[in-house]
Amino acid sequence: MRVELVRRGERSAAMAYLSPLLALLLTLIGGALIVIVWRLSTVDLSNPETGGFFGALQQGFVDYGRFLYVFFIEPLTELWSLEELVAKATPIILVAIGLSLCYLSNTWNIGAEGQIAVGAITGSILPIFFPDWHGPLMLPAMLVLGILGGMAYAAIPALLKIRFGTNEILTSLMLVYVAQLFLDYLARGPWRNPEGHNFPDSRPFDDGQLLPTLFGTNIRISLTFVFIAAFAAWFLMRWTKMGFQIKVLGQAPRAGAFAGFSQNRMVLLTFLISGALAGLAGICEVAGPIGQLRTSVSPGYGFTAIIVAFLGRLNPIGAIFAGFLLALSYLGGEGAQVALGMSDQTTRVFQGMLLFFVLACDSLIFYRLQIVRNPAMQTGTVSS
Amino acid sequence: MELILGRADSARPSRQRPESPPLLHAVGITKMFGAFKANDGIDLAIRPGEIHALLGENGAGKSTLVKILYGVLQPTEGRILWKGQPVGVPNPSAARRLGVGMVFQHFSLFEALTVVENIALALSDRKSRSALAREIEKISLEYGLPLNPSSVVADLSVGERQRVEIVRCLLQNPELIIMDEPTSVLTPQEADDLFVTLDRLTARGCAVLYISHRLEEVKRICHHATILRHGKVVSECDPQKETAAKLATMMVGAEVRRLSSDLPPPQNTRTRLSVRDLSLPQPHPFAVALNNITLEVKAGEVMGIAGIAGNGQDELFDALSGERTCGTAALVSIDGKSCGNIGVTARRRLGAAFVPEERLGHGAVPRMRLSDNVLLTRHATGDHLLRGGVLDPDAARQLADRVSRSFDVRKGTPDPEAGSLSGGNLQKFVVGREIDRQPGVLVVSQPTWGVDAGAAAIIRQALIDLARSGSAILVISQDLDEVLEIADHVAVISKGHLSPSRPTSGLTREEIGLLMGGMGEPLAADRGAVHAG
Amino acid sequence: MTALMLEGILLTIITAATPLLFASIGELVTERSGVLNLGVEGMMAMGAVIGFAVAHSTGNIALGVVGAIFAGMAMAALFGVVTLIFVANQVASGLALTLFGLGLSGLIGDAFVGVPGAGLARVSIPGLSDLPVIGLLFRLDPLTYLAVAITIAVSWFLFRTRGGLILRAVGDSHVSAHALGYSVIRVRFMAVLFGGACSGLAGAYLSLVYTPQWTQAMTAGRGWIALALVVFGTWLPGRVAVGALLFGGVSILQLHAQALGVGVPSQFLSALPYLTTVIVLVIISRNRALVRANTPAALGQSFVPDR
């Protein structure tokens, strides 16, 4: 008996919705294994006071219960943590929307983390060189510069691919390291705050250089950018010829060329869109929750967004839901660190595991599993 | 040259089916794909020393049956007897150990590897490469299949590739060779050479299972025929004693529709598509360069371009459609407007339409619905599929329905994904999508490749009807019968050169065959010499 | 420049090149079978942490190396199941493997941060190791010898053995290989596992030899550079080895420049290997004929046999 994949005639509409949920369930099961194994590894199994192996196992299950609570429930119970959730979800979703378009067109921008950094840098030029300018145009100008910076940086791998056929996966990723090092250089070197007691930060931005908050909470106006971008991207994909081009070129490049669509233009376009949104996310971090330019402006949002894009089925609206879930994993990771003493890397383990399961479960949209019992004539070749 | 023609015409010994117990006997073979029965209780007995034809339309279940015999697929029910003993064939190596060899229709060769490496992969015993190379040379001499063991397959012509497949098969000393549509890629002369090889094989007691839908060929070389329809054996016969029409009726299950073109092609009409001295370099190392292509298609006529696969057809299609543009506008013109330098969308706006050879992934996106696939070629041709820049899905669906109705596209759901249609139905859709526009110029590559007889008849009729209504049609096809059936003029493409076109009437298969083999120049220069010789 | 200094520089270049060589030769075999595994960085990180953890807790470096190999293979097996059996997109799955590997290695390595490790002793070959300058080639650590041996063995396997022929055939056309009766998925799975083992070795080299300790994200993008090296070497082991030395040279150059205090900010020098990678990729991809001739034709394509 064995399990085989069998191609479906058409894609399964039900599975398109069920597969992310199934992936989430599998991730929770995988997470339980990791927490329990971690617990078993931290206690002395020969010590009778902790109840030996079974005591530790029991403790592991208790820990997992607490883990689930601090991971998924606790951050939703208080206003400040909800605000924090929105703050983390905002850049992730913005980037993920752009990446969704890229991946739909079969173009692989995995350097959003670097484009975030460059957006943060270019967006910070004005407040750093003109610290006293607080006019109404300051903030819009900062945002535009951030967007342009992200676009320009994303254009590099796109143009190299178009002109020379260079693999965009590797170049966009290499440029992440370059951007991060450059940011590090600026924050420690020329852009460091002269009155900052040698901390590697820029001068703090002040009113008129920071994004306004909404409804008297700490939630910033950048949240509305998320909804605007998601709606615009959804409209683009669902109702315009441009969206149709992206889908056709992503699924069947030859058919795209036959339809008269240009692969090169689409590579550039999707890189520019995703770079723009990553740049926007970068400047929104600096002009938002961080409030100044630092040696690092993102704890890996650009990579998390890759997972969000896939978990959201490369759909801009799906990215919103997936983005909040992954933002929760950042808060949950911090919670698990405090409550259980687990490493802050727990978050990344969960994120990686989730992406794996999402990708594997996606196969169920186009294939179904079939259990084969006693496949015909499995035995010897010649029975004479 | 005389030799080639002479052998083709020479009388063959009368073919008697050998009286001996079957070498291979398949009993009650059934194969299910989901709910679909590809093979339904098939019985087949092949005797040693015979060429046994397996006849049937596309989709009749021939390929499935053959894959089961060769161990690529497993039957759902049924058993296989080899020399009277029940055997299992779990994989192709098991089949090879039994003594079954196979020459695939779509070759199972590795382009990046050399001939000797390709052959070594199919042999289970480990010989040194040099020993193997010597054996290859010996076998190819013996059977008249010249090959250089150290060439890389990517550099070989289609005919040479088939030789690699055959030599690979012969080196295993098979008692049964399965050949899937072996002549579909050969010139008539190359096919004659193949038949000589087959005669030598059967003379040594080797059996051949010969899959084909070319009835004349089957009548000529086969001792016995088994005919499949809808996955079942419908008849067995001696093909030499039946007429081609009778065999066709058995295959299709009804009288084959004859094409009707009541009107003769109009005379002295204007030129709608013309190409002048078009030369394009190879786009990549494995492609063909086009050399001084010149052609003209007039309103009301169907022009055919015959040729063996891989002689520049794809490159010519891309240059005509504008998927690949050429620097100078004047090289290609549609209705008198120069368009060599503009892309496919602009050429469509001039009234041209195109149908590429590959349906899936080129002519249609497999995982998109028919209504989306309509948009693929008609998004900019004034069909109102966009309103103010916004897509109009209802209009696209109506258009898809109209195409489906007029071309009898059978589909399970109202708007299925293109990839879920059968080959014939998808081809009707892809051709219908263009004809629905009533284009002034239509360029079609392989209009009926891998399509059942019913769908092929509908498509060919539609092409002729479109031409008679005043359009210019260019058909690029490897199927010589198709070209002779529907074209008014024919030219042959060979190694990127196109021969001058000639009226189809009065042209024989042999004459076209010589052009296809790359002998265009002497034939064009001095036809008399060939006939005299 | 004295011979001693020259020797020192050469030695550092070789040690910097060794992990790149391990990882890129493993990936070369994987890609030759038609599978693109972008998870090298994650597999390396797991190799590094497991290698260190096993060596630290058993006190036996050889066991650590074996542990790293198994860690890399376990990660590769995960990738193999998802991409070969569940036919998931290879690019996305490779990214997932990297994210997962970096995270899990961090989680496991938490307990080992700041723990000093024992380096691996060098092995001298008597007679040869006393030669001036080139003598240093005969007193290297055993893992470097292993890397060279693996490179030669892979080259021999790919182009001189039947197994290598089958591997290349599967990478050229999985449809043809399947029609001839080869198990495409089994061949690919083994190639993926080999790639994982090599990446694990590369990680072990980092945490046991290069800097004998564990730190977060100590792979520092080397897995990605290894991927670029495979393209740079146009899927030929010899050229990949040359590329590994070249990149080892660049990374050592920037370290020496930083140490000498040239008037360039250290961040710019640190960015040098990454920028070099981009430039080298551009140069090599400009020559499309060369790249196309050796690229496995089925690279990155999923295979589902009809049954």
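Just so it is clear, A, B and C label the chains in written order, and each chain counts residues from 1 on its own.
Definition applied: contacts are C-beta pairs under 8 Å (C-beta built on N, C-alpha and C of every residue); 3 or more make two chains touch, one makes a residue touch a chain.
All figures in this text were calculated on a predicted structure; none of them were measured in a lab.
Novice: Among the chains, which is located farthest from subunit A on the basis of C-alpha centroids?
Specialist: Between subunit A and every other chain, the largest centroid distance is to B.
Novice: By number of C-beta pairs in contact, which chain pair leads?
Specialist: Chains A-C share more contact pairs than any other pair.
Novice: Express in whole angstrom the distance between the two chain centres, defined as the mean CA positions of subunit A and subunit B.
Specialist: From the centre of subunit A to the centre of subunit B is 48 Å.
Novice: So how far apart, in whole Å, are subunit B and subunit C when each is placed at the average of its C-alpha atoms?
Specialist: For subunit B versus subunit C, the centre distance works out to 46 Å.
Novice: Return the distance between the CA-based centres of subunit A and subunit C, expressed in whole Å.
Specialist: 27
Novice: By residue number and range, which residues of subunit C touch two or more other chains?
Specialist: 288, 307
Novice: Could you list which residues of subunit A touch at least two other chains?
Specialist: Residues 6.
Novice: Using the touch definition from the top, which residues of subunit B touch two or more other chains?
Specialist: 74, 94
Novice: In their complex, what parts of subunit C are in touch with subunit B?
Specialist: Per the stated touch rule, the residues are 162, 165-166, 168-169, 172-173, 175-182, 288-289, 292-293, 296-297, 306-307.
Novice: Mind listing the subunit B positions that touch subunit C in their complex?
Specialist: 71-74, 91-96, 104, 107-113, 117, 120-122, 126, 284-285
Novice: Quick check on the complex: what are the subunit B residues that touch subunit A?
Specialist: 34, 74-77, 82-83, 85-90, 94, 97-98, 321-323, 343-346, 348, 354, 356, 358, 361-368, 372, 375-377, 379-380, 386, 389-391, 412-413, 416-417, 420
Novice: Note which residues of subunit A are touching subunit B in the complex, please.
Specialist: Against subunit B, the touching part of subunit A is residues 6, 9-11, 239-241, 244, 247-248, 251-252, 254-255, 257-260, 375-384.
Novice: State the interface residues of subunit A toward subunit C in the complex, per the touch definition above.
Specialist: Residues in contact with subunit C: 4-7, 34, 38, 103, 108, 110, 160, 164-167, 169-171, 173-175, 177-178, 181-182, 184-185, 188-189, 303, 306-307, 310, 342-353, 355-356, 359-360, 362-363, 367.
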